[in-house]
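The two complexes that follow have chain A in common; it is paired with chain B in the first and with chain C in the second.
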Partner chain A sequence: MSGTPKLSPRTRTISIVPGRRRVRWGATLSVVLLAGVGLVALVSPMLSDAATRQSVLDALLPPGSPGHPLGTDELGRDVLMLTLAGTGSAVVGPVIVAAGSMTLAVLLGTIAGYVGGFVDGVIGRGVDVLLALPVMLVALVVAGVFGAGYWVTVVLLIVLFCPSDIRIVRAGVTEQAPRPYVEAAQMLSLSSSRIMFRYVVPNTWPLILTNVTLNVGIALVALSSLSFLGVGVAPGTPDWGRQISDGRGVMGDNAAMLIVPAVLIILVTMAINVLGDHLGTRLRERGIQ
Partner chain B sequence: MSTSSEQLNARGVVVRSLAVDGPSGPLVRPLGFTVGPGRTLAIIGESGSGKSVTARALTGLLPRGLEATGSASIDGDRYPLSTGERSAWDRIRGRRAVLLLQDPFTSLNPVIRCGAQIGATVRARMRAERRRVSGSSLKLEVERRLDEVRLPPDVARRYPSELSGGMRQRVAIAAALAAEPRLLIADEPTTALDASTQGGVLDLLGDLQKRHEMSLLLISHDLGVVAGRADDLIVMRRGEVVERGRTNRVLAAPEHHYTRALLDANLSVTDTTIPPRPPSPMLLTATGVSKRFGSVTALDAASVDVARGEIVAVVGESGSGKSTLARCIAGLEVPEAGTITLDGRDLPPGRRGRHPGEMQIVFQDPYSTLNPVFTIDRSLRDALRLAGGQTTVGDLLELVELDPALGSRHPSQLSGGQRQRVAIARALAPNPQLLICDESVSALDVSVQRQILDLLIRLRDELDLAMLFITHDLGVVANIASRAIVLQRGVVVERGSTAQILRAPQHPYTKSLVQAAEHDSIHGASAQAALQVRPSR
Partner chain C sequence: MIVVRLFGVLAILLVISFLTFSLVYLAPGDLVKNLLGNRPASPEAVAAIRAQYHLDDPFLLRYLDWLGSAIRGDFGQSIRLQQPVSTVIGDRLPNTLALVALAFLIALATAIPLGILSAAREGRFSDSLASLLSLIGLSAPSFAIALLLLYVFATLLPIFPAYGAGSGGFDTLWHLVLPAVALAAGIGAILMRLTRAALLRELQSDATTFARARGLREADVQVAALRAAAIPIVTSAGLVLTFIVGGTIIVESVFALPGLGSLLQQAVQFKDLPVVQALTLLIAAVIAVITILIDLSYLVLDPRVRAKGLNR
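Entry: the complex of A and B
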C-alpha cells in the first residue's frame, strides 16, 4: 500500500479503519532524551563531590577551556559537572510533585465526581480556596517561616498543584459516571469503591496521564523558579534553577552556565509533554476515552 | 446508459466511477449513477456499507485519511472528486451540491440564532451572484426560506436549543435550500427524529425538491423511508453495489439475497406475531410512579405491570418519560411517588437495598454499555461475582450464542450486535427475575435487530423471564411484546394488548404513532401493491 496517504496522529484516532503502526519521531526522541536524563539523575548524587570542587584559580573560565568543556562558575566549579549533578534535584522533585498531587486528586476528585452532593460541595469549596492562593507568594512565605529547603518546597507544590488536578479528575469522572457501563455496574450492586476505582478511574487514564506529564513540566519550571528565587534548594547545591540564578551575574564571562540548564529545562519539559500526548493518544486508540 | 457526450450535456447529476480508499483498503468500490432533475435516488445500506462515505465524497467532506477518485457533473459542470483543495470545492460545495446531515441537534451552531444561520447561506449566494446584500433584503429572504419549510418567521430570532428536533431539521433544510443547490444530499435526514415528525420532514423534502427541480440523493439504512419516496434505489454492502433499479421493482422483486434479507428484517407493524399470554400472576407491579426533573414533570403517576414470562412494551417518543419509568423501576432514579412491587415484595426507591437478582437492564448504546478497559471475560466475571452460582463466563457467552473465544477481546474489537449480546449476557449473570430493555435494539442495523429480538424471545421462553421493553419503534413492539402501554409527556394514555393498540388505537396520540409507523413501513400503502407481485420464497 504505497499509495495510501500519510496520516497525522489526529486522523488515526478518528479514522474508521485502523491504520498501520508508524514510528513517531517526536515520541521516540522524547523517550531517548528522558531515558538519558533519568540515567544521569540516578548517578547524579555520586557526581555531587566532583561538581562542588572549588578552585579559585579556575574561576569563570569560558566554555571550551581545557578540562572544562562548558567552562566554570565564579567559584571555579565545572559547569558540566554542576549541570549533570543538578539533574537529580531537577527531575526527582517534579516527578514526585506531579505523581503525589495526582494521587491525591484521583482519590478526592473521583469521590467528589462520583458521589456528588454534599461531599462534592465540601471538596469543591476546599479546591476553590486553594486555587485562590497565589502559588509563588505562598511558597515564599512558607520558605520564610519553615526555612528554605528542597523537600519543603516539594510538599508545598503537591498541595498547590492538587486543586487543579482534582477539578480535572472530577470533570472526567462526572463525564463517565452517567455512562451505561457504570449504571450496569450499579445494577449488579457492585460496591461504590469498586465502581469508582476499577470502572471509572481506568477510563479517565488518558486524562490523568496527560495531566501528570504536563505537571512534571510545570513543576520542573516551578521548582527551578523557586530555586532561582533562592527558596528551593540550599545555596551551593547543584541545581538547574540555582545555576540559572547564579549564572545571571556572570553572563558576560560564561553564558553557558545560564544557557545550558535553561535549554535543558525547556527540552525535558517538552519531551515530557510530547510523551504524555503520545501516550494519551495511544490509550484513546484502544477505545478508552 | 446513454453515450458520454449526452451525459455531459445532461441536466441533473452524473457520477462516474466514484471510489473511496482508506488506509487499509477500499471503502467504496467504483460506482456510477445519474440523478435527473427533480428525481430522487436512494442509497440504502447498513453501517459500514459505504453509503455515507459516498455522500461525503461528492461534497469533498471526507475525513482526513480517506481519498476519493472519480468525477461528478452537475448540470454539465464536471468536477473531479479527488482534489483535496478547499478552494476547488468552493464552487461546488454549498452552491451546486449541499449536504444535509443526520443530526439536527448537532448540525446547527448552538450559539447562533437560526435566522443568522440561514442568512449566512443567503448572503453567500447573493455575493456569488454579485447582488448587493442589504439587511432588509436578507431578512426578507430568510423569512421566505422559513416559510418554504413551513416555519413561522419568528423562528429566525430563536436559538436551535429553543426548537424541537423536527423544527431544527427544517431550519437546516431552509439553510441548505437557501443556496439553491442543484443536488441535495440528505444523509439519514430523519433518523434522529421521532417517528411522528419523520414523515412530515421527508414529505417536505420531497415537495421542495419537486418545486426546485433539484436532484435528491437520499442516504438511509431504512427501506421504509425510501419506499414511495425514491425513484431509483441502490443497495450497498461493504462498499459494493449489490443491487440497483427502480424502487418499486427492487422492493417488489429483489434480486440479490442481501436486499431480500434487508426487506425481511424490516420489522413490520402490521404482522403481529406475538400471541397474547394466558393470564399468570403479576411479577412486577409499578403503581403511580412520578418523577420531576426541576420544573419538568417527566413522569406523572405512571403504572405498569408485567407477569412472569411476559414481555410488555413501553412505547413513546423522546421526552415521553419511557426511559425515566424504566430507570425508576430499576432504582437508577429515585421517584417522588409510587410503589414498585416485585414478586410480592415492595422495593425501596433507589439502588440501596436492591439485589442484583431482582432485575437487570440492557441499555441502548452498544458502544458505551461495556467497560472499555475490561475484556469481555472480565466484565462478565464481575457480573457473576455477587451471583454466587455455578455459572461460568463460557456458559453466559453460550447462552447468548457467542463464541467463548470472544472472551479475551475488548469491547472495541466487537461489532454492535456482539456487544449487545454481551450486555444481555451480563444482565442475565445474576439470574434476574425481570429484564428491562431500554431501547436495546434501536442503535443496531435492521438485520441485527431481528437477531437480537429473536435471542430475547428465546431467552424468555427458556428462562421464563419477564421483560419490560422500552422502545419508540412500533415495529419492535409488534415483534416482541404481547402487551403495551403508550406514554405521552409522562402520562400513560393507552394500554392494552399489542394487537389492540396497533390495529385499533383509541387515543389520538396512539393513532398518530401507528399512522406514522404504517406510513414508513415498506409494507404500508405505497409498497402494498408492489408487494403483491413479490414472488414467494
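Entry: the complex of A and C
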C-alpha cells in the first residue's frame, strides 16, 4: 500500500483490493460528519435556552410546521432546537470518558507491564474484579442508586472503562519491553519512569489512539443508554438519550422527536467506529507498531 | 487447572457480593422511611423495623447475615412489591430466558451464514454489504434499534404488538419477536465479525493450503476451516454475554416486558435495594458459570487443547 505512491488512488482501489475504496470513502465521510457534530456540540450550550422554551399554543406540531421544521413536543419545545442543544451532552461526555480512562490506563497499564511482579499482580486482580460485571449493569446500579448527575456518571464510566484499557496498554507494553531500544536505555541507566513514559509509551501510540477512538463510540452508546433509562441527565435537560425517552410519549403525533436523535446516535457511532477501524488498519500498515 | 479457575471465580464472586452489599449500605435514603412511606410512625414501629432488618447490627455482621441467607436462596423482601425477592425474580425469569434464547437463535441463524458468505466472497459486493450491516448492528445502541423497530412495525405498520409479554404460548412468542430482533442485532453483528475474521484466517492457513493440495473437495476444506474457526468464535462469547446483559435491561424496558432487565431498571429507579442486590449477584454468578463453561468447551472443540490437558 504505502510503497505505491505513483498510482492514483483510483487505479489503486480498482487494481488491488476491491472494497478498499468504500472504506476510505467511509472514513472521509465519517470525519466530515464528526466535524459537523463537534461544531454543533461546541455551540450547543448557547442553544439550551431556545431549546427548553415551552409554549402551550405550539404543543405537538407535526414536522414541517412554520417556524418548527421538525415540529414540537407535548410541551411545545422545538424538536430541531432540542436535538441541536442535546448534541453537547451526547458527545462531550463520551470524549472525556475515552480520554480519561485511557490516561489512567496508560499510567497503570504501563507500570503493570513494565515493572511486572507484585504490582502487576495487584493491578491485574483489580482489573479481573472490575471486568467480572458488564459496564452497563454496574453503571446503572451505582449511578441509579446514588442518583448521580451527568458528571458523576462520566467519572464512573471512566473508572469502568479503565480495566479493559489497562489490559490493552499492558499487552502493548509487555510486547515492547524486551526490545533492544529498551535494553539500550536501561544500559544508559535511565530512570524507569523516563524509559516507560518517554520511550515505551510513544511506541504504543497507534494502539492507544485506535482504542480511544473506538471507546468514544462505546461511551456514547453507554451514556445515551443510561440517560434513556433515566440515569445521569436531569429531566428537562436537552440530551439525545433523554429526548428519545421523552419521544416515546409523542410517537403518534410527532415521531421526529424520537427518530431524529435515534438516527443521529446511530450515525455518529458508526462514523466513530469506521474512523477507529480505519486508523487501526492505517497505523498497522505503516508498521509503527 | 479447572479447579484453580473455579476458586478464582469464587473469590471474585465473594468480592462482588461484598461490593454490592457495601453499595446498598452506603446508598442515600432511609430504609425505615421507604418502608413506612408518609404514614406517621410510632417509635415502636420504627424499632420493630430496625430489629427486623437488623439495622442496628455492625456492618460486617449484617453482611455475613445477608450472605448466609443469600446462599440459601433467601434475598429478603422486595420493598416495592412486598413479596420475597426470590419469588419476584422467579416470576420474571421465564420471560427473560425466552427473550434471550429467541434473540440468540435469530442471531446465530443470520450471523453465522452471513459471516461465512462474507469470508468466502471477501472484497466483493456481498462482503461489503454484510460488513455494512454488521457495522450498523455494532454501532446502534439497543434502545435506538428497539424504538425504531417499535415505530415501524408496531405503530406505522401494526404487525406486531408494542408492549407487554402477551397471554402465554404463541401469543407470548409473537410479543417477543420485536424485542428479540432488537437484541439480536447487536449479538449478530459481533458474531458475524468474529466468524468472518476467524474463517478468513483459517482459509489462509497452511492447513487449508495443504488440504487443497491433497485434492480434497472445496466443501470439505471449508468445513474443516469452519471447525478450526469455531474456537475463537466461542472464546469471544464473553463479549456477547456482556452485551446481552446490558441489551436485555434496555430492550425489556422499551417493550415493557416483565423480565429481569426491566425489574432491575425499576428496582434502581424506586431504590428497591434488596432486589438490586439480588439481581446484581445473580448476574455475576451466571456470568461466572458461563465463563467456566466456555473454558470447558475448548476441550470439546479443540483436540489439541484436550491432548495438552491430558498430558498435564
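The rule we apply is simple: the second predicted complex is superposed on the first by the 246 of 289 C-alpha atoms of A that agree within 3 Å, B and C clash if a C-alpha of one lies under 4 Å from a C-alpha of the other, contacts with A are read in each partner's own complex, and residues count from 1 in each chain.
Methods note: contacts are C-beta pairs under 8 Å (C-beta built on N, C-alpha and C of every residue); 3 or more make two chains touch, one makes a residue touch a chain.
Fair warning: this is a prediction, and the values are worked out from it, not measured in the lab.
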Just to be sure I read the superposition right, which of the two partners does A:229 touch: chain B = first, chain C = second, or both, or neither? second
If we overlay the two complexes on their shared chain A, which of chain B and chain C does A:186 touch? Say first, second, both or neither. first
After lining up the shared chain so the two structures overlap, which partner does A:266 touch, if you call chain B first and chain C second: first, second, both or neither? second
Examine A:135 and indicate which partner it touches, taking first as chain B and second as chain C; both and neither are also allowed. second
What's your read, chain B or chain C touching more residues of chain A? C
For A:35, is the partner it touches chain B (first), chain C (second), both, or none of the two (neither)? neither
For A:203, select first, second, both or neither according to whether it touches chain B, chain C, the two together, or no partner. first
After lining up the shared chain so the two structures overlap, which partner does A:248 touch, if you call chain B first and chain C second: first, second, both or neither? second
Determine, under the contact definition given at the top, whether A:46 touches first (chain B), second (chain C), both, or neither. neither
Just to be sure I follow: which residues of chain A are touched by chain B in one complex and then by chain C in the other one? 17-19
Chain C touches which residues of chain A in the complex? 17-19, 22, 128-129, 132-137, 140-142, 144-147, 217, 221, 224-225, 228-231, 241, 244, 247-248, 251-252, 255, 258-259, 262-263, 265-266, 269-270, 272-274
For chain A, which residues are in contact with chain B within the complex? 1, 3-5, 7-8, 10-12, 14-20, 179-181, 183-190, 198-199, 202-203, 205, 286-289
Within the complex, chain A is touched by chain C residues 8, 12-13, 15-16, 19, 23-24, 27-28, 123-124, 127-128, 135-136, 138-144, 147-148, 150-151, 155, 241-243, 245-246, 249-250, 253, 264-265, 268-269, 271, 273, 276, 280, 283-284, 287-288
Help me check something: in the complex, which residues belonging to chain B touch chain A? 21-25, 27, 63-67, 330, 332, 351, 354-356, 359-361, 363-365, 368-373, 382-383, 385-386, 410-412, 423, 426-427, 429-430
